[in-house]
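Before I ask anything, here is the structure I am working with.
In order of appearance the chains are A, B and C, and numbering begins at 1 in each one.
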Amino acid sequence: MKNNLFDRFKPKENKFFPLLSGMAEVIVTASDLIIECVQVTNHNEAVEYYKKIKDQERKADTIQNQIFEELNQTFITPFDREDINHLSSTMDDVIDLINSCAKRIMLYSPKVMPESAVRLAMFVRESSGFLIQAIGELDVLKKSTSRIKEYCEQLGVIEKKADDVYEHFLIDLFENEKDAIEVIKLKDILHELERATDAAEAVGKIIKTMIVKYS
Amino acid sequence: MKNNLFDRFKPKENKFFPLLSGMAEVIVTASDLIIECVQVTNHNEAVEYYKKIKDQERKADTIQNQIFEELNQTFITPFDREDINHLSSTMDDVIDLINSCAKRIMLYSPKVMPESAVRLAMFVRESSGFLIQAIGELDVLKKSTSRIKEYCEQLGVIEKKADDVYEHFLIDLFENEKDAIEVIKLKDILHELERATDAAEAVGKIIKTMIVKYS
Amino acid sequence: MKNNLFDRFKPKENKFFPLLSGMAEVIVTASDLIIECVQVTNHNEAVEYYKKIKDQERKADTIQNQIFEELNQTFITPFDREDINHLSSTMDDVIDLINSCAKRIMLYSPKVMPESAVRLAMFVRESSGFLIQAIGELDVLKKSTSRIKEYCEQLGVIEKKADDVYEHFLIDLFENEKDAIEVIKLKDILHELERATDAAEAVGKIIKTMIVKYS
């Protein structure tokens, strides 16, 4: 992007909001993929899904770099530079965790994936739905305060539900899986999904702090 | 809470300090409960303690929401909004970890709880004692700088001790517990307590940063 | 250090940059030691290396306290106090993780250390090399922007490589180590090294945010 003076004073909404929304879209796409990925029945399929999710992760990296470049080239930003940076890097955490889950499924080749993995993946997808809505209204933060706050609170609600599913999965695993190595593998894989809902909640908390600061 | 203009200019000390102290009190109560919770001898008792600790966790959530509402409704805050927010959400982490420990004891039903669990719970309680003192003097930060700093440093000292106890517990566990599933369960349960002292230390670091900023 | 008025207005570069560089040097020294530490063949050697690394960790604590004191005693700081604080405490995380790895090797006494441990330790060392260079040019941030950014990006590259080595180590471990307790031990030990490269990357991200803010 050319960094001419005119450009640097261009109406400030033009640049950051579409980039942040692009990031949220990547999370939605990756969430859709991970729901299918946890249901694969052989290693080749797992490899395929991992590749597709990895593509999304790379896309997120590209967007994050663009945001970083924009922050360097723009005089007037809609929010403090640090807040935009913090927001985009925490969104990047969500996608990293989805990617890490897919990678572990491919690498560990667990014998059977439990039903809870699908439920957790669906919570990640549900979170990303609220995320994209919250990000989509950031450009009208003052008008949409109560709605954005509601989306962010839903991220907290989902995180608690995901916690419950993960914990009940663990009880079941401890009771019924006698192979301790298999216990370690599955615990690791599903943990990444539970952490993805944590990261989505963390994005919500950053947005809530921005509400406090800017509205 | 009515948000009239007069209210928004009310002496700024009135609102945030009691809420933050209320949060610290919840941590103290939950710490007292977790000491007993790690010593239960049957599942029913574990359920009882989990319920009591869960009540405290809900209380903390309510207080955190009140703090958030106050930040939105108050023009003049004693510290930057972000700092108050960061402080209350990290205190919330302490209580979440105590709650998560109690939940895991109830859910996993380990065969025997090791003596180290009691010692770790007592470190959590000791941390919460310094926490409530540090928070209690935040409203006179400039006068109490050296004392508050001392409390925060104690949080670091306790965290290191808790680390040691946790690590020696692990060696013992690795040597003497032959059931790997039991190893995973106990490691997980005690880890939450060790992390609770980490979170308390993190609160201390936030307060130390506030000292640097405001005193 | 005497806190007289003249001192507080002394050219601002004098104090923080050498302290931060001192911190980076400690990380380099500890990284050199951990490469040897993961290759010890008996418990006594492990104890020796742990002691040496622990000395470095203590040195880092001392420097961090000096930075904290300086922040309290200096009117004009080259960057915001919070940024300097954040930077030094995240550098401290790197050294804490190296120390924790050495401690676990000593405490757990695993039967055999895998080759991947050496590779991970060398990534930690490589990270610390970029770290010390990035920190070394902070005092000429505006002039060195593109070079510092490059160092920080290298920290991200190394972190991804370390991730890969750690994950392939895990697959191998899951396939070939039949003793689940040994699996838990080695997973824990090598995880600290992988996390050390995460923490080094986090330092890089803080520096990149400072570039956005100050250059």
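Definition applied: a contact is a pair of C-beta atoms (placed from the backbone, for glycine too) under 8 Å apart; a residue touches a chain by one contact, two chains touch by 3 or more.
If you want to know which protein each chain is, UniProt gives these names: A, B, C = Phosphate transport regulator.
This is a predicted model, so every value here is computed, not measured.
Under the stated contact rule, the graph of chain-to-chain touches is complete, every pair of chains being in contact. Counting the residue numbers used at the interface between chain A (Phosphate transport regulator) and chain B (Phosphate transport regulator), under half appear in both copies, so the two copies meet with largely different residues. Chain A (Phosphate transport regulator) and chain B (Phosphate transport regulator) have Cα centroids separated by 27 Å.
Among all residues of chain A (Phosphate transport regulator), those that touch two or more other chains are 180, 184. Interface of chain A (Phosphate transport regulator) with chain B (Phosphate transport regulator) (complex): residues 167-168, 170-171, 174, 178, 180, 183-184, 187, 205, 208-209, 211-213, 215.
Those residues of chain B (Phosphate transport regulator) that touch chain A (Phosphate transport regulator) in the shared complex are 68, 71-72, 81-82, 85, 89, 103-104, 107-108, 180-181, 184-185.
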